[in-house]
Each structure stands twice: as C-alpha cells, then as structure tokens.
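The following blocks contain the structures, represented as structure tokens.
In the two assemblies presented below, chain A is common to both, partnered first by chain B and then by chain C.
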Partner chain A sequence: MVIYSVYIVSKSGGLIFNYDHNIPKIETEKTYSFPLEHKLVYQNKQVVVAFGQRNGVNVGHLLLAVNGFPVNGRTIEEDKNPRDVFEVLENPENYPINLKFGRSKMSTNEKIFLASMFYPLFAIASQLSPQPRTSGIQILEADTFHLHCFQTLTGVKFMLIVEPSQTGADLLLHRIYELYADYALKNPFYSLEMPIRCDLFESNLQNLLDQSEKAGISSV
Partner chain B sequence: MSRQGARLDAKRVNSELFTLTYGTLVAQLLKDYENVDEVNKQLERMGYNIGIRLIEDYLARTGSGRCYDFKDTAEKIQAGFRIFLGVSPQITNWGAGGDEFSLVFESNPLTEFVELPDHCLNLKYCNILAGVLRGACEMVQMEVTSWFVQDQLKGDNVTELRVKFIKRLEDAIPAGED
Partner chain C sequence: MTVHNFYMFDRYGQLLFYAEWNRLRQSGITREEEAKLMYGMLFSIKSFVSRISPLDSSPGLREGFHCYRTSKYALHYLETPTGLKLVLNTDTAAVNVHELLQQIYSQVYVEYVVKNPLCNLSEPIKSDLFEAQLDLCVKQSHVFTSKPT
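Coming up: the complex of A and B.
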C-alpha cells in the first residue's frame, strides 16, 4: 500500500495543487578511488550518471555532493573556492573522494510542466476513441506506478500516483474530491482556478492518505 | 455512500441560525444600497458565486452523473434543495418544450420569521437562490435562468421559482465529457 503523490489540475489545465506523500528517498554515499567507476555527463544543468551502474548508483542518478559539499549545476559549492565538478574528478590528486549520488527530484516547475502535458494527452485519448462519448485517460499504467485520473463534471482533474498493486484508488480519489469541495472551495479566501494553499485541506488530505495506507482504502 | 450518516449529520446546523444570518445579510444590503433593485442584483451575484463552489460539494456528495435531459436536471436540483436546505420543492408546470419548469416551495427556510416592509415590495428576498442555480448549472456547462413568479412574502400561497434552460455551453464542456 503505497501512495506516491496527488495532483490536482484545474479546468484550464494548470496545476493547482500537488502533494508528495510517500516518495522513497534514494541516496548513496561512497568513497571512491581513481579512476571513477561511473561515467558522468552534464545535461539539463545537472551532473548525471550516464553509464556504469553498480553499488546502488543507477544510470540517471544525479551527483548531489562531493566530499560533503553540495553540487549546484556543475560547480561544487565549497566555502572558499567553488570548483568545477569535472575538473575535480579528472584530477587523480583529489582522490580518494567521497561522492553522494541520488535520484533527481522534480522541481515545482517541472511538475507544472508535466501536469500541463497530461492535459492534452487526456483530451487526445477521448478523441481517439472508436466509440462516441468516451472519457479521457482514467488509468495510466507503468511498471513502477499507476496513475489514476478522475475528472469531475466541472472539469477539475484529480490524479493519484500509486504503487501498481494499490487497489481502490477510485474511492480514494472520490474522497479527495470531497475534501476539495469542503476545505478548498468553502474557504472564502480561496479563489477558483488558483493554486490551493489551504492548510486545512492539506492536513486533511495527509490524514486521509495516512489512514488509507495503514488501514486500507475501504476504511476511509 | 460512506459519508452519509454520522459524519454528515455532524455538520448540520439549526436552520434558524441560517435563516437569521441570511436575514442579516439582506438587511445589511438594503442599508448599504438603499435601492431595492440593486439589492436584488447583488443577491443574485452572491448566489452565483456560492453556486459555482457549491456544485462541487453537491457532486462530491451525491456522485451524480451528467444530465442529458432537463428532467434529470430538475430532479437533481430538487435533490440539492433537500441536501442543502432540507426542503423538497415540488417540480411542476413543465413548459411545452421541456425546457422550463417550476419549483414550488410550500415552506421556505429563508423566509421564516420574515415580513416585507412596505417600502421593499419589489425586493426579491430569496433572489440568492436564483443566483445559486445559475452558478451551479454554469459549472456543469448549462446556462439557465430563473425567477420568482409567486412569493409567500407577497401574499401568495406558495413560493414558485421558475427555471428555464437557455443552452448548453458546448465550448466549456471538458474533454472526455462531451
């Protein structure tokens, strides 16, 4: 029973709420000697493992820190002199060196971008259908997660990203809809279509997800 | 549904509190605007803003689907009055085209304890309801208009709210719903 995250997309396609519930944190830290056993490349302003998947460091993981100093872009944020990651790693004198790798986290901007990408996909799905009057995407399956989408009659989309074995997501989505109707919309300071920043909504949602993870969705 | 039962009842409030709060609102508006027509307009506008939010609560609670006929709509509106105001208006006087009907209230929780003074005979005291209906229907892509044809406050036996379907808002229908 794992619920990864919840997204709410407004009628016009903008991300108005997102909540990461239970994203496992994957970080590995190890001291390396020269030469480095992972091939690193610089892409999208991040230093990424391109090849050489071993010891828990997978292709696609980011270099997060060098000797405990965080990596920002391709520079190591040391107190005195910020240095370039690749220059440091290519110099044998700097070894042994302690590197921390981890999975990339999505930034808010990326989430907004992805949410607005889902919107046309949903619309395309409803048009591709051989039958008239079809809903858009309701479940999107991948090997590591399932995305459940519930669109209300007013056009708001609620999305739940869960473990593939999770059942009862429909019910849970409906309960989230009820929370939205109660805590977001009845808040007089919340205006429609705008991002939801309501603590009551968030804490109630958190309770709901915790409960359904512990005791099963049918109990909520 | 699971929520009906104890949890829903906990949120019930005494209708008198609601009646009096609404009364205060109307009285305040009359004071602020000093013009009955303007008050009618404001009430409708407030109702509209309530309606566009309330519809989500209605849909979340009832889990009802989209209406493809105005008769469905009428029944759902009736159910809405039951949920939110605890009254069951009668659905009568269908227009020949099936696009117009009346909701007849024997009693109306908004107007309990209320008498209209002489200078506001034009006041549509419950005009907020017309706004709520318009807002709520608009969110489910239906344009409706409604008005009072009989009002207990004006000496009629019953309160009658006429509801008319104008058009479906085809452009606004979300993908996957049309």
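Coming up: the complex of A and C.
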C-alpha cells in the first residue's frame, strides 16, 4: 500500500495543487578507484550517468556529491576553490574518490510542466479512440507506478500516483474531491483556477492518505 | 471482448502497418495524420512516464509504459529494445494483451517480415502473408471473441 503523490490540475491545464506523500529517496554513495565504471555526461545543467548501470547506480541518476562536497551544475562546491567535475574525474591522482549518485528529484517547475503535459495526452486519447463517446485517460499503467485520473464534471482533474498493486484508487480520488469541495472551494479566500494554499485542505488530505495507507482504502 | 485496431511503428516513428477489426469510430483525419498523432502521443507518454515515475524501472524492463485505459477502450503498448512499437486497442475488459503483443512480434513480425528478404525493414509492410498471419493470430487469441456492441 504505497501512495506516491497527488496532483490537482485545473480546467485550463495548470497545476493548482501537488502533494508528495511517500516518494522514496534513491541515493548511493561509494568510493571508486581510477577508471570510473560509469560513463557520465553533462546535460540539462546536470551531470548524468549515461552508461554503466551497476551497484545501485542507474542510467539517468545524477552526480550529487564528490568527496562530500555538493555538485552544482558541473562544478564541485568546495570551500576554497570550486573545481570542474570532469577535470577532477579524469585525473587519476584524485582517486580513490567518493561519489554520491541519486535519482533526480522533481522541482516545482518540472511538476508544473508535467501536469500541463498530461492535459493534451488526455485529450488526444479521446480523439484517437476507436469507440465513440469515450472519456480521456483514466488509468495509465507503467511498470513502477499506476496513475489514476479522475475528471470532475467541471473539468478539474485529480491525479493520484500509486504503486501498481494498489486497488481502490477511484474511491480515494472521490474522497479527495470531497475534501477539495469542502476545504478549498468553501474557503472564501480561495479563487478558482489559482493554486490551492489552504492549510485545512492539506492537513485533511494528509490524514486521508495516512489513514488509507495504514488501514486500506475501503476504510475511508 | 474485442480488438479494435493495431498500429506498428518503427523506431523513427514511421507507420509500418495498420490493421483494424472492430473499429466503431473513425478519427476524421487521414491515416497518415492519425499515425503521426498516435506516435506523438506515445512519445510524449513515454517521456512523461519516465519523468513522473517515483522509482527507477527495474532492470530488464525497459519499456516503462504498458497501457492506459479510458472509459471505453484500452491502449496496450509494447516496445522492443530495437525501438519497434506495437500498439493494440482493445476494450477495457481485455486481459493478457501484453502476451498477445509479444506473440505478434515474435511469431508474426519476426517470422514473416524479418525473415522475408524481400521486405525492406524501413518501409511500410506490404506483405500479404504478414497481413494474413496477423489477422489469424489476433482472431485466434482469447482477446478476440467478437462482440460488436
């Protein structure tokens, strides 16, 4: 029973609420000797593993720290002299070296981007339908998670990202909709289509998710 | 249970083959445009899935995205390591469609297209034999017990 995160997307496709409930942190730290067993590249202002997937370090992981010093872009933020990551890693004299790799965490900007990316997918799925009068995507299944999407009659989309074995997500989505109606829409300081910043809504949602993870969704 | 239609794309996004069985609604655009739209959607879903996923996909499972369901149909997706993409639309109750897609790939595509020296792999498939075998394979599967609604 794992619920990863909740997204609420407004009628016009903007992300109005996002809550990460239980995102596991994937990080590995290890001391390496000279020829480095991972091939690293610099892309999107990050140092990324491009090849050589072993010992818990996967392709797509970021280089987070070198000898305990954080990596920012392609420079190592050392106290005195910031150095370039690739210059350090190519020099055999710097070995043995301690490197920390981890899966990248999504920034708020990236979440907004992804939420608005789902909007056209939802629309195209109903346009390409072989059956008349279909809805958009309701469940998207991938090997690491299932995404459940519930669109209200007013066009607001509630998205829930859960573990593949999780059942009863539809029920939970309806409960989240109820919370949204009670604590966000009835809040006089909340204006439609704007990000939801209501403490009551957030704490109630948190309770709901905790409760459904502990006792099963049927109990909520 | 029914099978609606089937698309096959190569790794560059070209539509290699299209077939339909019980399609109840046409999209209203030409086949080429529909294929481009479909490929674009799959491409976006793939990048969406890889970025929104909270975990790394387990080694050996490279495709990430398996299927999506709407209220009326389900789209099943298989991508081989060579980049060949197979898409099968069925009704929502269909199960084990992934096995059917794998069967289409290994027993129909590999046998009647890859092993046919006259088939150019980078061009749309024109082989009648492939078409007949695909039709047979889909119609014999448990997913296809036609029930037009």
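In the analysis below, the second predicted complex is superposed on the first by the 220 of 220 C-alpha atoms of A that agree within 3 Å, B and C clash if a C-alpha of one lies under 4 Å from a C-alpha of the other, contacts with A are read in each partner's own complex, and residues count from 1 in each chain.
The definition used in the following text is that contacts are C-beta pairs under 8 Å (C-beta built on N, C-alpha and C of every residue); 3 or more make two chains touch, one makes a residue touch a chain.
Not measured: the values here are computed from a predicted model.
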Side-by-side fit of chain B and chain C on chain A, or clash: fit
First, second, both or neither for A:118, with chain B first and chain C second: second
First (chain B), second (chain C), both or neither touched by A:53: second
Partner, of chain C and chain B, that touches more residues belonging to chain A: C
Contacts of A:136 with chain B and chain C, given as first, second, both or neither: both
First (chain B), second (chain C), both or neither touched by A:126: both
Touched partner set for A:11, first chain B, second chain C, both or neither: first
Vertex chain A; arms to chain B and chain C (CA centroids, nearest 10 degrees): 90
Touched partner set for A:155, first chain B, second chain C, both or neither: first
Which of chain B and chain C A:177 touches, first, second, both or neither: first
Touching partner for A:186 - first (chain B), second (chain C), both, neither: first
Overlay on shared chain A, then closest C-alpha pair between chain B and chain C (Å): 9
Chain A residues contacted in one complex by chain B, in the other by chain C: 125-127, 133-136
For the chain A and chain C complex, residues of the former touching the latter: 4-5, 23-24, 26, 53, 58, 60-61, 103, 106, 110, 114, 117-118, 120-121, 124-145, 147, 161
Sites on chain A touched by chain B in the complex: 11, 122-123, 125-127, 133-136, 151-156, 174, 177-178, 180-182, 185-186, 192, 220
Chain A contact footprint on chain C (complex, rising order): 4-5, 20, 22-25, 27, 34, 37-38, 40-41, 44-45, 48-59, 61, 63-73, 75, 89, 91
Chain A-touching residues of chain B, taken from the complex the two chains share: 2-3, 52-57, 59-61, 63, 65-66, 139-140, 172, 174-178
